[in-house]
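Note that subunit A is present in both complexes that follow, paired respectively with subunit B and with subunit C.
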Partner chain A sequence: MADILSADYIVVGSGIIGSLVARKLALAGASVIILEAGPRVTRGELVARFRNSPRRSDWMSPYPPADWAPHPIYQPADNGYLIQAGPYPYPAEYIRQVGGTTWHWAAQAWRNLPNDFRIKSLYGVGVDWPIGYEDLEPFYQEAEEIMGVSGAPNTGSPRAKPFPMEPVAEPYAMRRLRERLASDFPVVANTTARNSRPYDGRPACVGNNSCQPICPVDAQYHGGLSADAAEAAGVQLIANANVYKLEHDESGKVTAALYYDPDKSSHRITGKTFVVAANGIESPRLLLLSTSDKFPKGLANNFDMVGRHLMDHPSTSLTFDADEDVWLGRGPQSPSSINTLRDGPFRSEHAPYRLDFTNISRVDGSTKSLIAAGVFGPELEKRLRHSAAREMNVKNVLEVLPNPDHRITLSSEKDAMGIPKPETHYSIEDYTRRGAERSQQDFRRIAELMGGTNLRFSKDGDFANNQHICGTLSMGSDPKISVCDEWGRTHDHENLYLAGTGVLPTSATCNSTENALAVALRAVTHMLAQQGATSAPPPRDADERVPS
Partner chain B sequence: MERRHSRPPLPTLRPDASPDPLRRALLVGFGATYVLSLVPFAWAQAVPDAAMAPFMALSAVLVGRPSLDPAQAKRLYDALAANDPGFPAAAKQLLDTVEQRKIDPMQLQQTLNDENSPLKDLPRQVVTAWFLGIVGSGKNARCVAFETALNAQVVADILKPPTYAYGAYGSWTRNPAEGPDHG
Partner chain C sequence: MRRPRRRASAPAWLALAISSLIGAAAPGPSYAADADTIARGKYLAIASDCTACHTLPGSKPMAGGLPIETPIGAIIATNITPSKTAGIGDYTLEQFSAALRKGIRRDGQMLYPAMPYTAYAKLSDEDVAALYAYFMNSVEPVDQKPVETKLPLPFNIRLSMAAWNLLFLDGKPFTPDASQSAEWNRGAYLVRGPAHCGACHTPRNLLMAEQASKELAGGDVGFWNAPNVTSDANSGIGGWSIDELVAYMRDGHAAAKAQAGGPMAEAVENSLRFLTDPDLRAIAIYLKSTPAIHDPADTRPAYMWGGPFDDLASIRGVPLPRDRDSWSGAQIYDAHCATCHQDKGQGSFDGKLPSLLHNTALGTTNTNNVVAVILQGLHRQPDVLMPAFADALSDKQVATLGAYLIENFGNPAAKVTVDQVKTIRAGAVATNSNLVLIAQAATVAVPLIVIALLLIWISRRRGRRQDASGS
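Showing the complex of A and B:
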């Protein structure tokens, strides 16, 4: 075992949150090492992989897992990495590579609503967060300025400062939705980490319509840029370093991270403070793997809370044909939504939701459907143009409540490195199902207002997953029902912090990334204070900063 | 048996491309008047590879297009044949079936299904190759064409294939019925 590297802070995971935490620590003068399980991949490679993929609608197809750092893959066949214990499947998707999963997000950069932080007090469901909206507001702004977020101030989240950018120009199809639904629903621009003008050296959107799985021009922010920024700030990023265990001393302080390189040689990195930011599944997995005589259930797990309260955003949807040509696929993929059902007294009865409209080109999907239906000859082109012009889709984005039985555990099966695989235990509860039922009337009304025909509801009881993995490292003030405090510091280990969507104690109704990023940026102030840097020194030049 | 010797006006496949490379495309191997009636603009041209003739004729019927790019045809044919060595013979057999029984393309799949024909998977394979650029299935699937796949071409007056820039920032706000807004 080599043992040559050490730093003030060791961050496990180079995704958008791990990288930006590391960057902020480094800018404050600390030495930081990021350990990333997966490889470095360039944007150009990803674009080429997408264009050459036989499964263009499978957004994981440009992201095959490395042998030494597997992640779940379901097409063309399940690679069996994420074990499904049921009763309802939880086919999570995430990416283990430098930059993490936001390489293929839709750049939805939402703030929670103020009431999302107090659903137990207000509605008698779920839990209250240990912090409120006002605690996070400055850090939402910080996150938005780093990512370059565009949006309009009419989505229910108050702000002290304006968005860095105005909303991205509205695609024609979304304009028609906004105009024709105005009597019943306000359709508003989504809040996205997508440039409506050149920002931070990156261009404005040019409508490539491949936001998922890859923006070819970096008009959309992603974790690869975060990792670049971390390295520019002096962070040392070690790729292909699959952390499989954290070690601790007699007092319970974490002392080292052990990782395998692709040849399964083990390495040991020491540090003063450790931040686990390896996503909502891999982070609890690492804590559970880190067993010892002193902590036989793993780290931060004295009350058996690690991995519990798994949440996401299930969706059901309606596809219909409008009575006019709107041609989805012009401009970015996810531009507009309805936000009026995200909060209200009904939350005591059923899940709130956002209603989200897609602007993803219908061409590939319609082609497949028509071929499957045996539509050949001149009729194929005719019908394809009709579907591409008229097909629209709306989905709900439903809140899931925290339930300790929904969880990530270690499987008895092992991955290619001989490490136990993660296993999911999940279901869709009545609270969420009632929200889905309630949204059916909205679906029907939306279709009616668009002159919709050929209504195709998603299969009854089928919920699509949105890959917003959260809750598994929940923060809270009661150690018996949470894993870490409001700063992400584990209740059980004073120098072990958690960052990422797993820390979020409720899922609310919007994408989890910005919420988790704001929580993590806020936590950095605490991490620095704990190492004695209460007033952050001015940034040093990157070349002065080397691991101590 | 008849062959068209005069060259009729061609439908415009890519209105934004001039000269259109597909105007150099060819149709080959049509023996039956029936097929010509399905593909009214068909004309005959020298075949670069005679073995491909039935595939080209079958493709024209199934995709409903009189002119098909010969270079793309060769790539798709080679990929389909590599995927299944029996493909060339099966394509000829299916073409013969269509010609002899005058089966409308819209009825073809149902007919083959009803008869549990060994050729029943062939139309989807051929049309998937042309329209999606994909040959093979499951783990053996591979992409042979993307921006030149027909499903990109037939909407090229309005849409760009994903990953291709639509146009200048905000160009997508216009009603596409007002005319092309990218070039």
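Showing the complex of A and C:
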């Protein structure tokens, strides 16, 4: 209880966004403290746990939740942390530990398309962003140079400077897709934060095909590296610090963050500016938890917008057997995709989508399903070999429109620390379902061009989730339908900023990390300007603070 | 602003004359040379690896500033750009030659033998002139002086090097051996002269001079071990083919033999990979002919140890110990090494991720290189990067892993200790306080030491004569 720590900036969350925001602030001369709910982990432990796990396809198995800062787990059984209010389940996965959820991703680092920022104006759906593509362009580049991103030259997102490196070598299966689909679809390298050559002290990809759950050599960028970089820049990172409340003064300025350590002792940290970067579910949860007489609905929530507009990228898919051996599993898990359906006038009618090809080895999944079907002996080997060599899969990555009824709220249930659990309210709207229907014809054509047989469409009405949690802290110019401005600054509190995928007001058709990172790196310029001279030592007494 | 290049052509001189008239930087001394000579000089500068010491990584070429750690303290490499104020811009060819081959600066002060002038003494007059032409014409002058070297007494008295030179500087240029092929002679010239292989690969005596009787028998570079590269089949490179030696020097890697790490990776990166194939072959031919120096501890060639092995049965289904220092070698290997070196240490099919079996690094009795590579990783242009594990593994873990690697893939007689890991992690070469103390005591007893040095000198001269008559 006795801790009296203070800094210019207090950042809640040590994931890729929180850590890189903290790093950039620290490099500008500010004092910065990161509070991270989860523990520190090392890559070695994660790799060892993954290799030792009997559930190799359960990508969360190397990431057991901390008792004092749980995250959702569904295998082997639901740990009941994320409460599902329905009507459609939203089984989000994320990781509460130093470095956050990008320890475990496929490193997709896509930029939005310019039109993604203006879908209300252009297509009469969703909302327009308060900023445009050109505002973000330099910050996309900054993010890409930090992460070591490569990609195909033309996927609709114009660049002022080249990617920092060439894409990783094209896996054979992807080459065959590119060649055989060329008449109808351009199959291109995904834009990913994965080294094709030594970069920033990290080696090139060696093709282990375990990007998820863990890149075993750090060829793939992740938030653990961001946290290391933040600490190297002078940021003080406090792990196992589960922030449960933000306090404010009479004027509505945030003054302190309260956190529990694993023994549930409470600590208080003060600062001049607060940045909540604790992911699209935990960030709104913290704002909703921070109630007071002045703000009975929680912070930044005067118009009841916190936690609303929950979005992700639902997917349906087709699995088929090609008429040639392609042997998925060599190289990265998600190397190639089709990007021609991400934009067009059709967006006024149905969701746009990316078409993404998996390159995940089929051995584990096929073995399990064959054994479950009672196949054994020589027949098992024969059929396993067939599946491993020929099975292919394509999925859509569908845009979801912002809907205030899709939201994160506080549950009446509490976690081990006695803090209300997060609760999701979610459904799949017709706009998205129509997009999924439209993509069926692409699926069929792709299978046809690959000589596909044994077509297995995902179950009608079943949408897989892609864990691209966004929208819950939407930025916008109108405080009545958004939580923060274009800089991530909350409409209601001048020294409270939000960073992370929750800030994105629409989901577009690409993974949310790079977009959120560019928005956050751009916001840092505003955070620094707001405090003026940042190299000055932080005041130790609230009375010394000069209102800005 | 980039300064004008110094060329002998009339228009350039005219331009320089004009620029000096209008008050721009004054040009340095001229040294007329044709493009071929300059190119030859550049090649020799690469073969001599001047940049290894004289270029601070990421800074202007040849501008100096790199501290070279020695047992008696750090020696700071000087600026050897043609800057008149900070470099060697005012050096004449003769002065350049004296510095290169005799260790004497333009101001008459003596260089420390961290500068391998004992090797460069073998350079031919023609090659020295070509090097001079290159430095004067093609290296960009940098007007910034690095900090001065400051060594403890008596080494701060540069004149003390005179006695050292008397003992250890054989100032004669290379003389070809008429009984050997032109290739052999070219190789001998490169090895003993510009490439100064012995600077690392020949052990040094108490006074830090290369021991002529143990030429190329293996030495220490900081905590790195530069192996024996004499023709001995077990202790040296006798079992390597010419092609393997060439591949190693060119690519930094020879399949089923070894890969270059640490200072050797730098030598490949900065120097050897740019040498012509005939020159690399000449070096290989010469090395294969050197007198074999054998260490009885080497019961088989270093690359002949190890076999495919895994210990997965001992770790699958077993929870990881909470205390990382209690992880087994197999657990550490599984988590940190198996991704690239594969489950049984066999490396990748194309050899780009090296096999740990039949690998010199694990077959030598000196295990410093294994420890150093685990801690620091292995970086080699253009595209080799093994990550460093200094932050990921504790001293105990490195020792456990080292023991696991040696036992299963290397020479089981070798050992890795926690103290060894601690020392190598600490990085800097420990000052050899004994040497400093001895030398300081010696300065007190100057008359005695002079007599002793004279005696050593006389006995060495005898020894050399005997060597000469015996060969």
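The rule is simple: the second predicted complex is superposed on the first by the 531 of 548 C-alpha atoms of A that agree within 3 Å, B and C clash if a C-alpha of one lies under 4 Å from a C-alpha of the other, contacts with A are read in each partner's own complex, and residues count from 1 in each chain.
In this section, a residue touches a chain if its C-beta (ideal position, glycine included) is under 8 Å from a C-beta of that chain, and two chains touch if they have at least 3 such contacts.
Since the model is a prediction, treat every value here as computed from it, not as a measurement.
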Exercise. Check the residue A:L177 against both partner chains and state whether it touches subunit B (first), subunit C (second), both, or neither.
Key: neither
Exercise. In the overlay, answer first, second, both or neither for which of subunit B and subunit C A:F376 touches.
Key: first
Self-check item: Which of subunit B and subunit C A:V47 touches, first, second, both or neither
Solution: both
Quiz item: Who contacts more of subunit A, subunit B or subunit C?
Solution: B
Quiz item: Now for A:P216: first (subunit B), second (subunit C), both, or neither, which partner does it touch?
Solution: both
Quiz item: Thinking of the overlay built on chain A, is A:L504 touched by subunit B (first), by subunit C (second), by both, or by neither?
Solution: neither
Self-check item: Which superposed partner A:M165 touches (first subunit B, second subunit C, both, neither)
Solution: neither
Exercise. Would you sort A:R56 into first (subunit B), second (subunit C), both or neither based on which partner it touches?
Key: first
Quiz item: Looking at the overlay, does A:V206 come into contact with subunit B only (first), subunit C only (second), both, or neither?
Solution: both
Quiz item: What part of subunit A is shared between its subunit B contacts and its subunit C contacts?
Solution: 47, 51-52, 54, 197, 204, 206, 208, 216-217
Quiz prompt | subunit C contact footprint on subunit A (complex, rising order) | solution = 42-45, 47-49, 51-52, 54, 197-198, 201-204, 206, 208, 216-218
Quiz item: What residues on subunit A touch subunit B, complex-wise?
Solution: 47, 50-56, 76-77, 169-172, 175, 196-197, 204-210, 214, 216-217, 325, 327, 329-331, 361, 363-364, 367-368, 371-372, 374-381, 384-385, 388-389
Self-check item: In the complex, subunit B residues that touch subunit A
Solution: 38, 61-65, 104-106, 108-110, 113, 123-124, 127-128, 131-132, 134, 136, 138-139, 141-143, 146-147, 150-152, 154-155, 158-160, 162-177
Quiz item: Tell me, which parts of subunit C touch subunit A in their complex?
Solution: 315-318, 320, 331-332, 334-336, 338-340, 348, 353, 379, 383-388, 392-393
